[in-house]
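Accompanying notes for the structure given below.
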Amino acid sequence: MTPGTKALWVHLCLVVLLFALNFLLPEYHRGILSRVMVLSVFAMGYNLAFGYAGMLSLGHAMFFAAGLYGAGLTAYHLGWSVWPAFGAGFAAGTILAVIAGILALRTKGVAFMIVTLMFAQTFYLATLYFTTYTRGEEGLVLPQSARALSLFGISFSLTDPTVRYMLALVLLALVLFALLLLVRSSFGRALVAIRENEERMRMLGYDVFANKLSALIVSAAVCASAGAAYALLFGYAGSGFASIQYSILPLLWVLLGGAATTLGPIFGTLFMFYAVDITSSYTDAYMVVVGLALILLILYFPKGIAGAIRERWLPWLP
Amino acid sequence: MAALRPLLATERLSRSFGGLKAVDNVDFCLAEGETRALIGPNGAGKTTLVSLICGRMPASTGRVLLEGRDISRLPAHKRVRQGIAYTFQITSIFANLSVLDNVALAAQRQFLDERSSSRGRVEQISLDALAQVGLAPYALQRAGSLSYGHQRLVEVAMGLALRPRLLILDEPTQGLSDGEIETFIALIRAVGEFTTVLLIEHNMDVVMALAERITVMDQGRVLAEGTRDEIRANPAVQRAYLGSVR
Amino acid sequence: MAFGPYLLLASLEGLVTAAVLALMALGLSLVFGVMRVVNVAHGEFYMLGAVIAWWSASLISGHPALGFLLALVVSPLIVAAIALLSDRLVLRRLNYEPQATIVATIGLLYIIQQLALTFYGPDARPVQAPFDMRLALPWFGYSAYKLAIIAASIFLIIATWIGLTRTKAGLVMRATQSDPDTAQAFGIPVDRVYAVVFALGAGMAALAAVLIVPIQQAHYLMGQDPLLLSFVVVIIGGLGSLRGTVVAALFIGLSDGIISMFFSPTLAKMLATLLVALVLVFRPQGLFGTAAR
């Protein structure tokens, strides 16, 4: 088997395993896993920008939240059904990425981090300012009617745990394989090379700005789909998801799972989610866990779980 | 050779840093097909001039013309696509990629536009470029594991894989052994058969072996230009440059 | 009240904000200038300063000035020690790599904030002002303590400026700032300079907090807004420029005081944040800074 097919098999196996878990796990863990799958899509999108293209953004919450509100507001106020609402979330995140990207990519390094942080903060404050529509911190709870999905003439309710789980899995699988394809394309390899040495790539004739902007837009589109899916599947959109914390979390998940690996974001999200879940049953000081995890990771484990696996055992892992 | 139409010309090209004029009103002309050496003492403005030509740095004033077309406003990557390739003075290859992948990054660029991403052709061009510099046996090795001399050759192969009309080499022999320099001279002589080459070089043996014409810079200006013999005989050059070296 | 006195009151309040902000931003700017790293936990050092001030003031009964004076000494010292420890344990091991440092200081932010919540609790608690006097202006009475804050801040800024430009320690810092490698070659212990600067920056934030805590209670989330404002100040003033930082603090403090008196504070914050982002995009050297070196 070539490394390419081997990698494809590993990814397929993971998807099949997640499928099987739906029938094996008790209700509580199925619920957690549905959430984890949607949030790992968020992490995967972030990973494309941060891991592969080397853009350390501290503002990806705005793309997730744009998806969340794009879907949530249209479903809540305009009564849009699931598909158009999802489309609205996707479009909102993508358009926002075009504007934010064109501006923020004029900077790099620390300035880029601060600019993205400030853009996201502006977005967050906007969700508070327009509290008439968004209900601010309290958030919108989508009515049952907004969460009925019709597919091939059959109608499903997104409140059903199995439907929810399966849809989250479909989204995860689609994004996973799309990103697998993307990072192995010439575009993906160019991104990694740009991360390593921008100036060299420029002198090989690559339009560095255009490549980074495209990467950011794709990344944001993935994050926005995760946000839109989150709003529709779990029926809630609140400004907490636009706060700085939701820009930091994907960074944490990706660092933990392994930056610039296709599977890392899933591992990282899963691990962190359970770590917080377990510690919060003992203490409500889960933020200490997040903080400690960040520091220990950046100090001792900068390549993360999948990164370490790739380094030690499976060099062909994408 | 010099009678041919110029491939590249600069018109009153200047660049200053603060009060210092690193390149000062330079008119520079390069004919299609020639191999030119650019020499001068340290700080003469050679690298700055070349950076202005390939667009790594914007000019303060003046123009750069490629085949008579003004390219002064084009960003660097577009100039590369028009055929100006630059190899770095400090080796900057991608250490974690294989030698072949390094060169393929250079080769694949041209196909991204045509949307005919044929991996076969990219690989062929890359292998050809590697064969040309004599690195074909190392194609699958990690670029960072090569010796310094070989890394310099990867750099040149990346330049060649761009299939440039003008290949700019910035101090390519720096840090090479005598044996490697011999190989390098033979390589550039072969490359010079079908490409225009502009060579910044300190090693006068390399300059004399390769260059048909030589341009001497000093303090941001062109001090002299001519054939090897003319330059050797030029008293101003001897004072400013050759004298100070020996 | 007529418009004029109203504006005067807004300006006075703005000046107090500016005074505290300038101190805090100066600490951030110093760290950024010398070490080239962004300390995201700076707001938490400020919060810690206030919390420790409350704690040390509560140790002493008697005249409130005694407790306040104790806080003024103890709080910056403890906070500086904590910063020193985090520098040794974390930042130095990251080699002050800018991006890794931001990630690590975010971690620090979470830890400090959570620990404050756990041990200090979610309540806002006051520290009594060292003296209680009201200056009678023709239109309204104004707290003399607030004016004292402005004076103290001016004094401290001048002291910092003298420290940086006129003392040997300042020279060492400036040498490290302009070129750490050369400084190292000339026998300056760059490593130790970094540790001291980081501690000093944190100490300044704590000092600012002690000054503010008699008029604004200590709370575990109080570091967030000042952090954002200090970023704004440091960026608009030009990263690492002392004079720019002070001018920008004055500008931001005054406009914050005046704007939030007439407009919705959320809107004001939103516009200010966006403005700063755009300044960074189009004028990365800051509005008052000179072009990058």
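Letters A, B and C mark the chains in the order given here, with residues in each chain numbered from 1 onward.
By definition in this document, a contact is a pair of C-beta atoms (placed from the backbone, for glycine too) under 8 Å apart; a residue touches a chain by one contact, two chains touch by 3 or more.
Note that this is a predicted model, so its numbers are computed, not measured.
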Chain whose Cα centroid lies nearest the overall Cα centroid: A
Most distant chain from chain B, judged by the mean position of its C-alpha atoms: C
Inter-centroid spacing, chain C versus chain A (mean Cα positions, whole Å): 34
Computed distance of Cα centres, chain C from chain B, in Å: 51
Whole-Å gap between the CA centroids of chain A and chain B: 44
Chain A residues touching chain B - in the complex, by the definition given at the top: 186-187, 189-190, 193, 196-197, 199-208
Chain C contact footprint on chain A (complex, rising order): 56, 58, 103-104, 106-107, 109-111, 113-115, 118-119, 121-122, 125-126, 128-129, 248, 251, 255, 285-288, 290-295, 298-299, 302
Of all residues in chain B, those that touch chain A in their complex: 54, 56, 75-78, 80-81, 85-86, 88, 92-94, 96-97, 101, 105-106, 108-112, 117, 158, 162
In the complex, chain C residues that touch chain A: 38, 90, 93-94, 98-100, 102-104, 106-115, 117-118, 228, 231, 235, 264, 266-267, 269-270, 273-274, 276-278, 280-282, 284
